[in-house]
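Should a chain be cited, it is by its letter among A, B, C and D, assigned in written order, with residues numbered from 1 in that chain.
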Amino acid sequence: MDWSFPINISTQGVGIDNMFWLIFWITGAAFLIVEVGVLWFLWKYRARDGHKARYTHGHLGAEIIWTTIPAVTMVALGIMSGQMWADIRSPSSFPENALTIGVSAKQFEWNVTYPGADRVLGNEDDFTIRNRFEFPVDEPVIVRLESEDVIHSFFIPEMRVKQDAVPGMTIPIWFEATQTGEFQIACAELCGLGHYRMRARVVVHEADAFNRWYDEHTGAAQVAAAD
Amino acid sequence: MEAEASRFEPATFQVNDKKLGMWIFLASEVMFFTGLIGAYIILRWGAASPWPVPGEVLNVPITAGNTFILICSSVTMVKAFAAIEEGNQKMLKVWLLATAFIGASFVGVQVYEYTELIHHGFLPSSGLYGSAFFTMTGFHGLHVTIGVLCILWVAMKAFRGSYSQADHQGVEIIGLYWHFVDLVWIILFTIVYLI
Amino acid sequence: MSAEGKKKPRYMAVFGGLAALTAIEVAVAFMGFERRATVLLLIGLAVYKALLVAMYFMHLKWETRSLKILAVAPLLPAAIMVIVVLMENF
Amino acid sequence: MATMMAEPTGVPVRVEEHPQSFIRKYIFSTDHKIIGIQFLFTCLFFLLIGGLLAVMLRFQLGFPGATMPGGSLLPETMAPDGIILPEFYNSLVTMHGTFMVFFAVMPLLVGVYANYLIPVQIGTHDMAFPRLNMMSYWMFLVSGLIMLSSFWVIGGASASGWTQYAPLSASPEASGVSTGQILWIVSIAIFAFSSLLGSVNYITTIINQRAPGMTWLRLPLVIWTLFITAILGLLAIPVLTAALIMLLFDQTIGTTFFLPDTGGQPLLWQHLFWFFGHPEVYILILPGMGFVSEIIANGSRKPIFGYKSMVYAIIAIAGLGFIVWGHHMFQSGMNPALGMSFMITTLIIAVPSAIKVFNWMGTMWGGSIRFHTPFLFAVGFVMLFAIGGFSGIFMASSPVDIFIHDTYFIVAHIHYVLFGGSLFAIFGAIYYWFPKMFGRMINETAGKIHFFLTFVLFNLVFFPMHGLGMAGMMRRIYEPAQYEHLSGIQDTNTMVSWAAFGLFASGLYFMVLFFWSLFKGKPAPENPWEATTLEWTLPSPPMHGNWKELPTVYHGPYEYSHPDMEKDWLLQNERPDVVSPAHH
């Protein structure tokens, strides 16, 4: 049985996983307080002969304590998560000059458009590959997500990446892999009949290997000419 | 309803059940129209291509006239209420029928407007503006139509002598509904036809 | 809830006001002022008209404070919804 | 004993004594109690449907591609040879969520208990608008039947999830469902109107019809939660109606609100839906919190701990509920800056929730606890709702949500709050008020067996789903094992499915117990739980019109174990000095 995260191969994933475990410990503590507390009270205060319940309508001090502690914890959590969120998603967090790849989703496939030899997306020499997403390790990558029909969601579990692809919008996300290997894109948003099988291959290469692969597709001749 | 005069505690709003119920219902109507009008504002604000100029697509003078008609019907409605407050049964009936008639004319003009627009090729499927225009004004028109039917019902009861100076909640709450529908039109007219 | 102690509202005056304001609105819309000014002016006029209807025709002016609050309360969530979603496009 | 207190209140009696025909009395009844009972039976039927759909989808997940026992009874278009088709799976998920949320849990909380309890707990003869109330029930029934019928139309039932994300839900070409989709929209629109009628009725009644002495701060917490819930429904549901109308027009007459080709915005649907949807989930929990407060005070024989802060917490949860909807949209492409504000508001909701949980614990503290079946379910609620709340905190942190969004972690959350929370509260309420409603007791031992079965099996079904979510298993997936990262989870899924069948069976056991008790249960006394609120001063079941003379209320709702008194409960219409003046 496999009840925990898949391996993490992205820079952002480290923070995300740590934040998960931080919340795990905070809520874990609250969990113990609530569950153990309830069970203990049930035992301790079970009805017994000649025992009358305490007649009280509350205790202001106690209530203030259990209001402020969660409040402070939540605000702290909010600030930390907010910082991390900004580092991942805010427009200013996007690396400059990163390799930019277009991913267009449609029922039920992923079309990946590479910028071609000039490494600029959106012109003649772009080339598109169906259901195969390849990129280099240790280098930030920007993905510009689009959809042709309905909403899909671009999910690479090992990269801790998930972003909906919405028709009519182009949504950029960025990430950086720390490890090479073969993975999968899964579609995480219900998109119709074939939603369950809308997947694609992800290959993370060493930089050299990626360049070689890339040259094959752009035509090495062209590259040589440019040199 | 007989009971409430003697209730001593629940004085929060000092209004009877029916009137309170109507105000509460209107609160939900506010949210309903916010859904429709809000969607219009959001779509228009976020539109990538230039928005059609309402005055070029729609017939603003006719609708301005229609707005005036609806305002008239609000006055006749409030006159009906004022009449029964003074116990004037005759004027109650007159004003109620007048309101129903003017309200029906509003719907009539709207139907005419729709046919003209459709004739000129402006349809619910004519892009976002068409979508929003017909949905918003259509649902407003539906509210007016329901209002007219209710006013006719109240008028019928007035002819049966169901209302008196002391007891005329029916007139009052249909009035509230009617004025609310008028109020929504005031907003719609500005947002859809003028801006 | 009968009319005891409340001054009789002057419905015809309100009616005149509403009709005049409608005429002004149409005029403003076609005057060709600067766009932003036109929009602000039109919204102001519409709100004023709506207030007239609510206050006089719907008798809000003579109701208890709690009923007035009840009447405007839904505008808060309504405004939140529209404004927040509009921020999408900033 | 109530007669001791009777004071002339001068309220004219509105009790109708004349006999009514069967049809007027039980079918087209305007009596709030009968309407509540009509809702109860209808909702339990829909709960059974929702459960059946869950069992079918669990079968596919537990035994992918296997022949479902009895599946060959289903038409070719759903399950040829008893093997569930992917398109049918999507319908199953959609309709499971829809039936459970709209036709089982929400009306069980509001339709049944708001109708039944408001008049008898605030001390009045009936709802403010009995005929609207009747209409509300009949529209509810019609909408439910329309929804059910959509399984049998061409193309099958709606398959775009209970959240109906456009453009999938707006274009038949994309989803492969057209009639079923339209029926979904129409049905929910009718449902929305039905619950609007209900809300207007409940709010008016609570404001205007309280018995003499029933001030706002003497209201039972059930009434407070139902009141706030009705307000939430009043303001949130019309927005859904508006959105549904636009969706319907997109489907049918060519408008393009949510279709991007001509500038429509798919995200607008999500904003409108969740503006309704998040208040909706609090509609689904608040009344449950009310029942639980009532039952825990009763079981612990103590006044509720911190009544006022409980009231403020209810109001705070509802108010905040209107400004957190974006937490469902962190990964939707919404402006990231908005995500930030929605995250903060969402996290803050933990604070009023904490107040509630700790005040329930405070109520048990120092009590003299009687473990009756309703109390067990109420404690189950506290323990399980807390877990669901905790998983909510993970998702509220938007970076963490990147991974767990649309995975089974969410599914675990949903069920901990909606089943462990709402449904446990509903079971508690059914056991607690059954004697009042039907004049018969449910056997305590049999009830406790039901509780333990449900509690254990529930955790076996839904706790592992947190793990499945962490492993990355997506929601609404027909055949998860084909993904590399999910290759190791089939065992868990199979185990979960077995437990789910068991859970369904425990539901059937409850059904038998319910009907058996209805006819064969021991006759119930007036106040079997020795409780304090006004309904327990009435005979079980109460007569038409409830009171001949309205009661007068002297103090707050949970006066248990008053030190001046021999008996440990004090009804709201009793005065301690009158009941046992010579105790000192």
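The criterion applied here is as follows: a residue touches a chain if its C-beta (ideal position, glycine included) is under 8 Å from a C-beta of that chain, and two chains touch if they have at least 3 such contacts.
Source: prediction; values computed, not measured.
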item	value
Central chain of the complex, centres being mean CA coordinates	D
Pair sharing more residue contacts (C-beta pairs) when B-D is set against A-D	A-D
Centroid spacing, where centroids are CA-atom means, of subunit A and subunit B in whole angstrom	49
Rounded Å distance between subunit B and subunit D, as computed from the means of their C-alpha atoms	35
Inter-centroid spacing, subunit D versus subunit A (mean Cα positions, whole Å)	32
Shared interface positions of subunit C, touching two or more other chains	74, 77, 81, 85, 88
Shared interface positions of subunit D, touching two or more other chains	235, 239, 263-265, 267-268, 271, 337
Interface hub residues of subunit A, defined as touching at least two other chains	none
Residue ranges of subunit B in contact with subunit D within the complex	2-4, 6-10, 12-13, 16-17, 20-21, 24-25, 27-29, 31-36, 39, 42-43, 46-49, 123-125, 127-128, 130-132, 134-135, 139
Residue ranges of subunit D in contact with subunit C within the complex	235, 239, 267-268, 271, 275, 322-323, 326, 334-335, 337-338
Complex interface listing, subunit D residues touching subunit B	9-12, 14, 125, 128-129, 196, 199-201, 203-205, 207-215, 234-243, 245-246, 249-250, 253-257, 262-265, 268, 271-272
Contacting residues of subunit A [partner subunit D, same complex]	1-6, 12, 15-16, 19-20, 23-24, 26-27, 30-31, 34-35, 37-38, 41-42, 45-48, 51-59, 62-63, 66-67, 70-71, 74-75, 77-78, 81-82, 84-86, 88-91, 107, 149-151, 153, 155, 157-158, 160-169, 171, 183-184, 186-197, 199
Residues of subunit C touching subunit D in the complex	74, 77, 80-81, 84-85, 87-88, 90
